[in-house]
Amino acid sequence: MALKISYMLKETGTNLVRRISLTIAAILTISISLALFGSSLLARDGVANATQRWEGGIEFVVWMNPEADADQDAAIRRSIEESPAVASSTYVSQEEAFEEFREMFADSPELIEAVEASDLPPSYRVVPTDPDADVVVELGSQFRNQPGVRDVVFASEAIKDIQLQANRISNGLLWVSIALLIASALLILNTIVVAIGARRQEIEVMKLVGASNWFIRLPFMLEGLVHGLIGAGFAVLAMWGVRNWVIDGFSRSQSLALLEGLKVNNAELINRSLWVLAIGVAVGIVGSAFAVSTKLDV
Amino acid sequence: MALKISYMLKETGTNLVRRISLTIAAILTISISLALFGSSLLARDGVANATQRWEGGIEFVVWMNPEADADQDAAIRRSIEESPAVASSTYVSQEEAFEEFREMFADSPELIEAVEASDLPPSYRVVPTDPDADVVVELGSQFRNQPGVRDVVFASEAIKDIQLQANRISNGLLWVSIALLIASALLILNTIVVAIGARRQEIEVMKLVGASNWFIRLPFMLEGLVHGLIGAGFAVLAMWGVRNWVIDGFSRSQSLALLEGLKVNNAELINRSLWVLAIGVAVGIVGSAFAVSTKLDV
Amino acid sequence: MIKLENVSKSYKGGTNTAALQNANIDIGKGEFVFLVGPSGSGKSTFIRLLNKEEDPSDGRIFVAGKDIGQLSSWKVPYLRRNIGCIFQDFKLLEKRTVAENVAFALEVIGRPRSVITKQVPAILELVGLADKVDSFPTQLSGGEQQRVSIARAFVNRPLILLADEPTGNLDPTTSVGIMRLLDRINRTGTTVVMATHDRGIVDTMRRRVVELDKGTIVRDQAQGVYE
Amino acid sequence: MIKLENVSKSYKGGTNTAALQNANIDIGKGEFVFLVGPSGSGKSTFIRLLNKEEDPSDGRIFVAGKDIGQLSSWKVPYLRRNIGCIFQDFKLLEKRTVAENVAFALEVIGRPRSVITKQVPAILELVGLADKVDSFPTQLSGGEQQRVSIARAFVNRPLILLADEPTGNLDPTTSVGIMRLLDRINRTGTTVVMATHDRGIVDTMRRRVVELDKGTIVRDQAQGVYE
């Protein structure tokens, strides 16, 4: 039995080395496809994290006149807080607004320099209970003509647009990586078919002398497994690189402040890495099992 | 001779169909690698276009006090215009600043609503003759303490940061696609090796009856060429898609106004498409020529 | 040992006439049987059926008392461990030495190394190749290669030895040597079935001869001659 | 037609002794030569050298007056168009019919379709397979398959026909038929060189016999016998 295992490993190694160019092609393709696949998952996580702070959040903003007096302010505050259609609301003072302005537009220091806290109006950020656009607009409009209110702005459009772009990118990545995964499975299948072809003579002899079916099959399936595993290993490395340099790089970036929330934490990264490893192994096994079952009629 | 050509085409077709899964894998990999390669070229073009409007442009901005009087303004204007260290300068009025503000921050309509033209200071955008950072800072600082000047801001940092991020993405794409191109060449090589293996018997007979070397080789090389060409064809389609939906989508986006300048014109797209086609053909020919020359010792 | 009951075999996509038609035969333990007949008469088909390389279109085949038609596919290897096979073209692995070729047959059925290191030299001694253990097949004459292939077929001490024209590639003198070896193996109690069209061998050996013609058994003669 | 001057051949990684040693021979146009000798004596090597499938380690080989050692590699195919080859295992393409197998030999050397449609039926008529044009190789007997391979080798009317044990797979009766066909082809002026160890054939035909032993020509006898 010990002999069998060492035989299997030796055979698998020989197979991998004997067709080195096909081995490299298979591993390259599977690692790139899985790296893209994993990165697209990470990008989706990142975008989800980044947009979470808006999602179900500010649905409209009531901008006050900086000159509004305390009575007007109190009246607005009361009507917002007492409205049954309002789920929650936050008051953003001029100083807070300026702070936020500075954060959001850190890429335009000249603008930050040009604006002062007193230039920015205080505001109420209101979350309606009913997220339906018509209801939100109806509710928001009630405040528009009240005294002390400068304007009511509906913020959801802008956020939806950001999410749309982000989803477009990560969906694109997903499709590309699925196509590459198919290519990888085909490649592994072919690597095994070629390996079987190259060892036809040996297999013929093995069948003749009565080697059991699994004894003949296993080295080939192990070969596919190794392709999948090594490819997935490289892909996981690439994913850590993407997280540490690309995604973190964006979120540290001074200029693309909108991407500031783009973060992928370690738990998410480990979760996605395990997914990628599992898919790599699955692709390797499925590709080789298919090749073995069709080409080795043992 | 007519017979020969029809024979070549028939043989090539048979080869492609007989090993359909390897054909698909090769075409998929080459089209994806070339699509990524082409897209990274397009992204670089787009980023170059987008950052061009800044490049060598505004190096620092002299923000005036909105309250500065005409004399102060005239003095600053004169000292800027007369300085030998200044290559050019532009005056941006409050209205122009507001216009630009609206364009740049179209993703935050609530801010546009909150800010009025009179909130924004007029400014001089100054391009120094010497782009060296120290010289620019030295020059800019001269204006800082003059009457009527609110602040002097050096804009180059933000732009450099944007370019850095953009370059990081397109370099990443470039490396990924180069790895995939290598995988494609290996794959085409292997497809041909497999095809040669599958037709060993025929080739043996061809050699025996005296078929000329090129007669045996050509169908295999054509096969590699077809892989490269079809793969590149799909890649070019994908590149047009990337231009029309992704890049144009970004530049039309309301939220990512920073990417507004991200444009790839038709001339650039055609140029890049031709590159991709040429590389596809080259990879196909090189892969198959290598396989044929090593495996067909004719 | 081997029994065929009304066995017929036609190949898909082959000729209309069957490769083997309604064959009935009974071969006892330790017999030596020559299969003769013109080209295409079904000799190789007969041998491939015993080995379950092909399945009969009709009829039943018993090997060592078992109906091999009933054998589930994962048991086929265990059937084959009881049957050694020799071919005209030797089917040796060129990248392996003589000893490795023989050892391969034991390795791939999971025999422990201790058994392999004992049995391989013994069988090579038996076939007269003790001094060629480390040679590669291309360094051997055809007769020596065939001895290696016999050693490989016999190293696991099978009950039956099937030989499909084992002397087809060999000159008359070498053929005689191979036949002596097969005869020796047969005397140890191994059943031997050998397809051939070497008239000289059949006529000299004088063993049981089964003649096929167009898939039909037309003669079954003890101590027979080629025709 | 064929001339060997001090030709030796040793294989890389093969045995220490050469497969062919210092061979000198002169074969005229229209001759019929049997190459005999025990297994491994160098018969196949001799034939592969004429076809430039192998290059000699030493010495010079002339075919049709040309030193084929001087031939640049792209000219080798044109040499081979003058040499037909027949083998023990036929080397037919299983996916193609009889007619297609023969036509293939003309197609791949770029002969126009008009020539192919004329010559293929003619040669199949000559070898006696006019009624089997659309059969596949597996549907034919061994003798018929060898006729197809002879048709393919001869359809381009080569000056020389090389045959390496063409009857090795065939029974005695079928072999006689093949030899009659080769004899007929030889009478059209084609030089035939045939390696064999079929004693019966050599002894019946009584043609020139060249005997090899361990790579050395030990006998060259007009109207000779096997040994």
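Each chain carries a letter (A, B, C and D) given by its place in the written order, and its residues are counted from 1.
The rule we apply is simple: contacts are C-beta pairs under 8 Å (C-beta built on N, C-alpha and C of every residue); 3 or more make two chains touch, one makes a residue touch a chain.
Remember, predicted model here, so these are calculated numbers, not experimental data.
K.L.:
In terms of touching chains, how many steps apart are subunit A and subunit C, taking the shortest path?
P.N.:
1
K.L.:
Return the chains common to the contact lists of subunit A and subunit D.
P.N.:
Looking at subunit D and subunit A together, the chains touching each of them are B, C.
K.L.:
Report back the single chain whose CA centre is most distant from the CA centre of subunit A.
P.N.:
Of all chains, D has its centre farthest from that of subunit A.
K.L.:
Return the distance between the CA-based centres of subunit B and subunit D, expressed in whole Å.
P.N.:
62
K.L.:
Where the centres are mean C-alpha positions, what is the separation of subunit B from subunit C, in Å?
P.N.:
Taking the mean C-alpha position of each chain, the two centres sit 68 Å apart.
K.L.:
If you average the CA atoms of subunit C and of subunit D, how many Å lie between those two points?
P.N.:
30
K.L.:
Report the inter-chain centroid distance for subunit A and subunit B in whole angstrom, where each centroid is the mean of the CA atoms.
P.N.:
23
K.L.:
Graph of touching chains, which shape: line, ring, star, complete, other?
P.N.:
The chain contacts form a single closed ring, each chain touching exactly two others.
K.L.:
What chain pairs are in touch here?
P.N.:
A-B, A-C, B-D, C-D
K.L.:
Flag every residue of subunit B that touches subunit D in the complex, lowest number first.
P.N.:
Going by the criterion above, the answer is residues 1, 3-4, 7, 201-202, 204-213, 215-216, 298.
K.L.:
State the interface residues of subunit C toward subunit D in the complex, per the touch definition above.
P.N.:
Residues in contact with subunit D: 11, 13-15, 37-40, 88, 136, 138-143, 165, 168-174, 197, 199.
K.L.:
Under the stated contact criterion, what part of subunit B meets subunit A in this complex?
P.N.:
19, 21-22, 24-25, 28-29, 32, 35-36, 61, 63, 97, 101, 104-105, 107-111, 113-115, 119-121, 123, 150-151, 153, 155, 157-159, 161-162, 164-165, 168-169, 172, 176, 179-180, 182-183, 186-187, 189-190, 193-194, 197-198, 245-246, 249-250, 253-256, 258
K.L.:
Under the touch definition given earlier, write down the residues of subunit D that touch subunit B in their complex.
P.N.:
For this pair, the touching residues of subunit D are 51, 73-74, 77-83, 85, 91, 93, 104-105, 107-113, 152-153, 156.
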